[in-house]
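Once you've had a glance at the structure underneath, I'll fire off some questions.
We call the chains A, B, C, D and E, going by the order they appear; numbering starts again at 1 in every chain.
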Amino acid sequence: MSILETTGVRTDAVVRIENVSKTYGSGSNALLALDRVSLDVEKGEFVCLLGASGCGKSTLLSLVAGLDQISSGTLEIGGRKVALMFQEAALFPWLSVTGNVELPLRLQGLGKAERRKRAEELLEVVRLNGFADKRPHELSGGMRQRVALARALAQNADVLLMDEPFGALDAMTRDILHDELERIWREQNLTVLFVTHNVREAVRLGDRVILLSSRPGRVIEDFPIQHARPRRIDSPEVSGQAAEITDRLRAEVARHAS
Amino acid sequence: MSILETTGVRTDAVVRIENVSKTYGSGSNALLALDRVSLDVEKGEFVCLLGASGCGKSTLLSLVAGLDQISSGTLEIGGRKVALMFQEAALFPWLSVTGNVELPLRLQGLGKAERRKRAEELLEVVRLNGFADKRPHELSGGMRQRVALARALAQNADVLLMDEPFGALDAMTRDILHDELERIWREQNLTVLFVTHNVREAVRLGDRVILLSSRPGRVIEDFPIQHARPRRIDSPEVSGQAAEITDRLRAEVARHAS
Amino acid sequence: MPAETAVSDSTTAATNAVTLTKGRAANEVSGLDALETAPQRDKGRLGLRIWASAWPKLLALAIVIGIWEAAYLAEWRPSYLLPPPTEVFPQLWDLITTADFWNGIRLTMTRAITGFSLAVAIGTVLGAAVSRFAPLRAAIGSLITGLQTMPSIMWFPLAILLFQLGEKAILFVVVIGAAPSVANGLISGIDYVPRTWLRVGQVMGMSGLAKYRHLILPASLPSFVSGLKQGWAFSWRSLMAGELLVMVPGAVSIGVRMQNARDLTDSGLVISYIMVVLVIGILIDQLFNFADNALRKRWGLTGN
Amino acid sequence: MPAETAVSDSTTAATNAVTLTKGRAANEVSGLDALETAPQRDKGRLGLRIWASAWPKLLALAIVIGIWEAAYLAEWRPSYLLPPPTEVFPQLWDLITTADFWNGIRLTMTRAITGFSLAVAIGTVLGAAVSRFAPLRAAIGSLITGLQTMPSIMWFPLAILLFQLGEKAILFVVVIGAAPSVANGLISGIDYVPRTWLRVGQVMGMSGLAKYRHLILPASLPSFVSGLKQGWAFSWRSLMAGELLVMVPGAVSIGVRMQNARDLTDSGLVISYIMVVLVIGILIDQLFNFADNALRKRWGLTGN
Amino acid sequence: GSDDDNTKADTAAGAPAEAKTIKLGYFPNITHAPALVGVNKGLFKDALSGTDLQTQTFNAGPAAIEALLSGAIDATYIGPNPAINGWAKSKGTALKIIAGSTSGGAGLVVKEGINTVADLKGKKIATPQLGNTQDVALRAYLKENGLNADTNGGGDVSILPQDNATAVQAFAQGAIDGAWVPEPNLSKLLLESKGKLLVDEKTLWPNQEFVTTHLIVSQKFLKDYPGTVKKLLQGHLAAVKYIADNNADAQTAANAQIESLTGKALKPEILTAAFKNLKFTADPIASSLYTSAKHAEEVKLLDAVDLKGIYDLGPLNELLKAAGQPEVSDAAAS
């Protein structure tokens, strides 16, 4: 039973994207990255974005986070707090692992002891408790990504935007973090916009899976995922729906390539 | 029919790793990343490495590439040219996409026209021909990874080390690049050491799949993949063997976690 | 909570920026987004752009002149010590309309450019060598900063010993004043080249000159450019001192003129020369800024 | 082919580095790998480490003294112009064993540190402000470099106008000489903060002071430190000039002493003071290097 | 240096050897008026037939002495202090004073309200440079009048060695109470800053004469090319004479030369006043040099130095004698 079903109200959109286009550069160099994308995300909804490499997924997230300006259309997030986990870990090299995780807490004005406690909890969530005092350059790629996840969670936002957060993780660690993320999402009633290339992951986690077309990005399909939670990534339902979505995606890519 | 079977000779090791250990740091801060790893890779072999996040896969590759020094053991690559595609794209921001791809060619002393031609071919391989004159910061994450692949291929090496090269790519682009990589590997009789978290990908591509244990990394299993090429990633054989390996991996992680 | 405000702020901005441009073709999109369309608008309205960069300068100038005039009117100091702008500007005008003055500028700029080029060449080689060879670094790394702190005038005896009196002696003073700065900029740039890039270079088989040419120099360029800027300042200051070493009748260098203005306690003239030197410094800085902006654009640090 | 050689080279090195240490427990591994175990060995053999950093310096010193002595023996210039080391060192010794000299050092260092601190404070604020507000940058960005190129001596009239003859006048000359350099270092550092980090900061909701405190300053620290180093050089040189403005009863500052040594055409004394200034410069540079190394270690730029 | 690019001219035996070129230094300063006028009017050129004259200007004494000692110039106009320093440092081997050039033109200018020496107590007085002629003169003067001053700026009177430009401005602004300066700063303080002349230095000297500038030559050059030195002196005498005979014209010429060297001429009133205070003479007024050195020793600004032999007035006296003028002496005051 998904959160969506419990909340029920479909008009309570937290993120409202309407006809948003985004062009990078100008003149002959212009690149239309997003073409009239419309998408509403309800409060407490978990929405997964799928699409080919370079189709504009990261662009969309950065627009929602207010990092870039839209070229046309309307985008509203209603003044809610937004956290974004970037595609690259982008940790601050001058801070230790805990330092990186504590930074958003510090900005929220938390005291030292509280910060430490919360950072420890978060590192526990991403299974990195032993690495609190290491520096980013002493971590492996997957570990950095997990620290970035902990940092994003530390922001205590209402809306969590995640750009391929588990791309560098092995299947097992990924499973664990799926469970943790689902738990936190449920407990804190988060709204999540989640970019991934793993269709099963999208089906495992999402209330809806949105398919974007190749350059320029456009919403081409919106799959509601109805399976009851908790789901297992290797369950037949998840596999089945994933296969269906993959076929659709493949068709789109093929269409585009021709 | 794999290249391994055609070459046949198992003593013709291109990369010989014997009892290699690697410790980062020293004193109380020491971290044993690799623990007596032994692994031989034959000429023309395609070996995939699997293992949990932080188990030492990248470390192993950087040792083979001669970027770090081993703490104990023996490592030989017999004076062959080695190319390494890093886990992060690590493109040079001051060069355009072509500039990045052309750089290794330039170091090989190729002329301008030849360089241009070869770079175009390589960008064609990674499906980025339209982006030759963009700068790295104008690319999406997956596109950067593909440029890094093109750059690694441009090195014209005998041994190709790849660290999660397709981690940020969607399934379709990944399929295409699997085919391209397999073709190039076959045509140039490359020796490939390929790190991935995607078990199916490993089975799709590898002659062998090596499983590393969690910290410290140790070889715990060596699966020869016998299926005839060309394979398809969604074929039942690949899925079946992938499932088998996943189970083994899961057991290892569970053992470690307990 | 600060975090909340900031994010909602920028998102509101995004919402406000929405216009009627929906549905246009890709290369037609222009909208009102300042960052997006800056380059396009620039082409269209060069005048506006110049104005945007000029008005703050003019305002600053007006403020300075205002304060100056006010200080004069308040009779804060006697007028022969602090002459009013209305006296100094005509004096400046008289100065810069003489051919003599321009000969001096030409002489001094020739020396400055020669000296600076030499300092850059020597500083670059020195910096590269020091950052490459550990024993050299241990030997003279710190000496470089030590040399920088030496007042130019203390080099005069050595300059005369080595080069007698001549242009070479001046160049010596300029180079020894500026080269350490260039070297330091390069060294610090090289020290901060990200390790990943070095590793990429290593697997590519870069070494020796190729490594410097293709990796280290471009990667440390930002810091190097800032070292060049500092080096320019040092070389100019050293030159102003060094020009007192040799005086060539006919073309009177700026250094000599400045010294003389001071010796004569001619406040108006001193202020005029201060302005001349500032203007030269500003113009040169603009050149550096061109380089810097081109660099930042290449590196993807500007614009959206 | 260069690529081939390089890679096989390093791999051979790896192979050669293999030793008997196989199979030891994690924190026992020491091996011969220099990079790996450097910190451990350091603790064990501090003496060796000091020697490693000292011998190149001593060698450099020996070479310089050798050339100097040779020039003297070859009677290249009369000995009253170029006295031999054997004459200068006793003179230097006599100099530094007087209490008077140390009073001068104390006076000058106090001024230098006060002036430099002030310059850093002002330069930091100025740099931060200029890099933050576009109109301010347009207005005075280039002026900063312009100010840097002004010889200290040209500030004397203004210093006297504003502060009469007193310590403040000296400080003014020092600050106006060094602050632009500090500001420029900071500005260039801020300009080159990677965009990704800025975006991370933005989603974290950093703004205003918090952004500077937690993101911009640490991220631009390398360039800032190099700006500080240049700033130190500028402030020292400005101080050497500025000290001629004011004489304080009791202690004769280093600037005045240097000037006197030159006025008296006392080559031995001039060389002695050059050495004193170089040693001070080298010591200060060591302080900066400490900061710099700590920084590079934090950033993961050193070691393996 | 002259030893490198000069070859002895082929001359008949016994005739004084002549250099191909002579490098002469001077300052673009009114106290070097004979040099300014001589160069401007071509008087040196006329006298130095067959020898190429190269001039070199300096901003301050130390650089000129460094240049002379290292052979970059052969002769220079210079003040007494740098000459004494050069003599002392080279242990009497580097240079000789061959003629005087300028006398007088220095004094103590004070603020309104200071009327006697006693009023100087607790005041700040600037001098151009620690241990230079004016500095020594002030210290000796204070000592004579029972006031003490140490070299660190302490004592009854604070002596602040400071370059002239700074001193002039500081005085104008009231930051110092007085300054003992040479021309043209003396006139500047009097005319522009309305200062009061408390002591005219020449009143402290016998005959109201004391050396301000003289002409020195490197000993090596003097030894190698006595003929050229003599011709140089001829030019010098011509310049001194020209100033005496055509004072107004000389002033114009000097100022023109200053302008061509520094880009800016002196103000006419300063020029005139300064000229009036200065006396141009080939007499080196040796006695004042010795006395000044003795004073310097007394106030511990100079180690004991043997000035014997610093003068070589032979060539000058030959020329004076030939012209029927009185000879000059290098003897100390009795």
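Everything below uses one rule, namely that a residue touches a chain if its C-beta (ideal position, glycine included) is under 8 Å from a C-beta of that chain, and two chains touch if they have at least 3 such contacts.
Going by UniProt, the chains are A, B = ABC transporter ATP-binding protein; C, D = Sulfate ABC transporter permease.
Here the structure is a predicted model, which means the values were calculated and not measured.
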- Query: Stepping chain to touching chain, what's the minimum from chain B to chain E?
  - Reply: 2
- Overlap of the chain D and chain E neighbour lists contains C
- By count of C-beta pairs in contact, the leading pair of chains: C-D
- Task: Nearest 5 degrees is plenty: how much rotation brings the CA atoms of chain A onto those of chain B?
- Result: 180
- Query: chain A to chain B: how many Å between their CA centres?
  - Reply: 27
- Task: Please report how many Å separate the Cα centroid of chain A from that of chain D, as a whole number.
- Result: 46
- Message: Distance between chain A and chain E based on Cα centroids, please, to the nearest Å.
- Response: 84
- Message: Counting only residues that touch at least two other chains, what does the list for chain B look like?
- Response: 24-25, 31, 65-67, 81-82, 88, 104, 107, 137-138, 155
- Note on the structure: Residues of chain D that touch two or more other chains sit at 1-4, 7, 10, 77, 81, 156-157, 161, 195, 202-206, 210, 262, 267, 299-300
- Query: So which stretches of chain E touch two or more other chains?
  - Reply: 62, 66, 70, 165, 169, 173
- Contact footprint of chain E on chain C as seen in their complex: 77-78, 80-81, 100-101, 104, 156-157, 160-161, 164-165, 244-247, 249-250, 252, 256-257, 259-266, 269
- Where on chain A does chain B make contact in their complex? 24-25, 31, 50-54, 56-59, 87-88, 138-143, 146, 163-164, 167-174, 197, 199, 246, 249-250, 253
- Provide the residue numbers of chain A that touch chain D in the complex, in ascending order. 62, 65-67, 81-84, 86, 88, 90, 92-95, 103-104, 106-107, 135-138, 155
- Message: Help me check something: in the complex, which residues belonging to chain D touch chain C?
- Response: 1-7, 10, 52-57, 59-60, 77, 81-82, 135-154, 156-157, 161, 180-181, 184-185, 188, 191-192, 194-195, 202-208, 210, 222-223, 225-227, 229-230, 232-234, 236-237, 240-241, 255, 258-259, 262, 267, 270, 273-274, 277-282, 284-286, 288-289, 292, 296, 299-301
- Going by the contact rule at the top, pick out the chain E residues touching chain C in the complex. 1, 28, 55-59, 62-63, 66-67, 70-73, 164-165, 168-169, 172-173, 188, 192, 260-264, 266
